[in-house]
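Presented sequentially are two complexes of subunit A, the first with subunit B as partner and the second with subunit C.
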Partner chain A sequence: MTIWAVLQILILILIVVGSVLAVWLKDLLASVIALGGSSLLLSLEFYLLQAPDVAIAEAGVGAALTTAIFVLAIRKTQRKEEE
Partner chain B sequence: MSVVVRTIARILAPVILVFGGYVILHGHLTPGGGFQGGAVAASAVALVLVAFGAPAVKRLKAPFSVLEDLGGVAFVVLGFLGLGFTFFANSLAGMGSLFGTPVPPGPNPGYLNTAGTLPLMNWAVGLKVIGGLGTVLVLFGLVGRDDDR
Partner chain C sequence: MIVALPFAVGGVALLVCILVCMVRLSIGPTAADRAVALDTINTLVVATMILLGAAFNEVVLLDVALVYALLSYVGTLFIARYLEGGLD
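After this line comes the complex of A and B, so read on.
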């Protein structure tokens, strides 16, 4: 098992952890940040799988634009999730 | 947003814009292209919008709309440019004009002034993506109340 395989397994585990955090957290801003981090790790995984084109698109749309839109939406509504 | 976010955004937004332009301009040589560079450049607009609020980008709405129309029309016109042969034929490659340098055979470091209509189409798609995503972001920032927290 090479170092790259270990790194990719680590990144995939971190993606799952970030996604679970995004669902689990009650503070919606923290949830959006977790989703953005998960998306950024997914773009790093695309880069390691030698698809830099997809990685740039994922980093631009997934990590930057959706995070910004979610932050704007939270700013216009409320920050805490209701029970 | 706080003064830290505002200062970082003021420094970083031009850099992100320039990197988006680089990704579009080198679309035929390196990974990336019109859509990727446009998305990167639109994320600079998103950064300014999040950091400074909707009034900072409100007057960009009409220019973004015009930019999107310009990109779409430019792409169709570039497609019709090859109509002597087929639709979307690359009529500028190797002709010595803009982006028209012939590529010598063999491995090369990547010549920017090549590939004919492809870089121009990358710019058309890039302008359309910047305009479209920018319009969406600005309209999203303008709707509803905007209390800066």
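After this line comes the complex of A and C, so read on.
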């Protein structure tokens, strides 16, 4: 196993961890933050797979736009998830 | 694809740093801790992109890191304004 494969496997593990956190956390603001981290690392994975334009699109939509819109939605509704 | 070994080792080291920040993002007691962890992950991802752009020896790949560094603060800005109680 080359060190190249180690790099990709580490990124994929981190993406899975971030996605599980986004589903698992009850505080919706923390969930949005975890989703932002997961989207960030997905952009890094696109970058590693030699698709820089897809990485730019993912960075613009995932990091900036999605987080801002979700935070605005949480502001209008409520922060804690109901049981 | 052949990547020089020092670049790959540096990339793995940066990813270990991202892993540590992800631990703080998961256990952080307050939302401010998580927001700071997300901002640190932003910076580390930009650093990894620049390192890999140097490893692949292509100038085009640096533009991605540039656009990302220009866009990544917006999410942190919105979270910070929400925590402060603004955003009306």
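Here is the rule we go by: the second predicted complex is superposed on the first by the 83 of 83 C-alpha atoms of A that agree within 3 Å, B and C clash if a C-alpha of one lies under 4 Å from a C-alpha of the other, contacts with A are read in each partner's own complex, and residues count from 1 in each chain.
By definition in this document, a residue touches a chain if its C-beta (ideal position, glycine included) is under 8 Å from a C-beta of that chain, and two chains touch if they have at least 3 such contacts.
None of the values given here were measured: they were computed from a predicted structure.
Trainee: Output check: A:Leu41 vs subunit B and subunit C. Expected answer is one of first, second, both, neither. What do you get?
Mentor: A:Leu41 sits against subunit C, while subunit B stays out of touch.
Trainee: For A:Arg75, is the partner it touches subunit B (first), subunit C (second), both, or none of the two (neither)?
Mentor: After superposing on A, A:Arg75 lies in contact with both subunit B and subunit C.
Trainee: With both structures fitted on chain A, tell me whether subunit B or subunit C touches more of subunit A's residues.
Mentor: Answer, by number of touched residues of subunit A: C.
Trainee: Quick one: classify A:Gly60 as touching subunit B (first), subunit C (second), both or neither.
Mentor: both
Trainee: Check whether A:Pro52 is in contact with subunit B, with subunit C, with both or with neither, and answer first, second, both or neither.
Mentor: In the superposed model, A:Pro52 contacts both subunit B and subunit C.
Trainee: With both complexes overlaid on chain A, does A:Ala5 touch subunit B (first), subunit C (second), both or neither?
Mentor: A:Ala5: touches no partner chain.
Trainee: Regarding the shared-chain residue A:Val16, is it in contact with subunit B (first), subunit C (second), both, or neither?
Mentor: In the superposed model, A:Val16 contacts neither subunit B nor subunit C.
Trainee: Just to be sure I follow: which residues of subunit A are touched by subunit B in one complex and then by subunit C in the other one?
Mentor: 52, 55-56, 59-60, 64, 68, 71-72, 75
Trainee: Mind listing the subunit C positions that touch subunit A in their complex?
Mentor: 1, 3, 5, 8-9, 11-12, 15-16, 18-19, 22, 25-26, 28, 31, 34-35, 37-38, 41-42, 45, 48-49, 52, 56, 60-61, 63-64, 67-68, 71-72, 74-75, 78-79, 82, 87
Trainee: Quick one: which bits of subunit A touch subunit B in the complex? Just the residue numbers, please.
Mentor: Within the complex, subunit A contacts subunit B at residues 52-53, 55-57, 59-61, 64-65, 68-69, 71-73, 75-76.
Trainee: Going by the contact rule set out above, which residues of subunit A touch subunit C in the complex?
Mentor: The touching residues are 3-4, 6-7, 10-11, 14, 17-18, 21, 27, 29-30, 32-34, 36-37, 40-41, 43-44, 47-48, 50, 52, 55-56, 59-60, 63-64, 67-68, 71-72, 74-75.
Trainee: Once bound in the complex, which stretches of subunit B touch subunit A?
Mentor: Its residues touching subunit A are 23, 31-33, 35-36, 39-40, 42-43, 46-47, 49-50, 133, 137, 140-141, 143-149.
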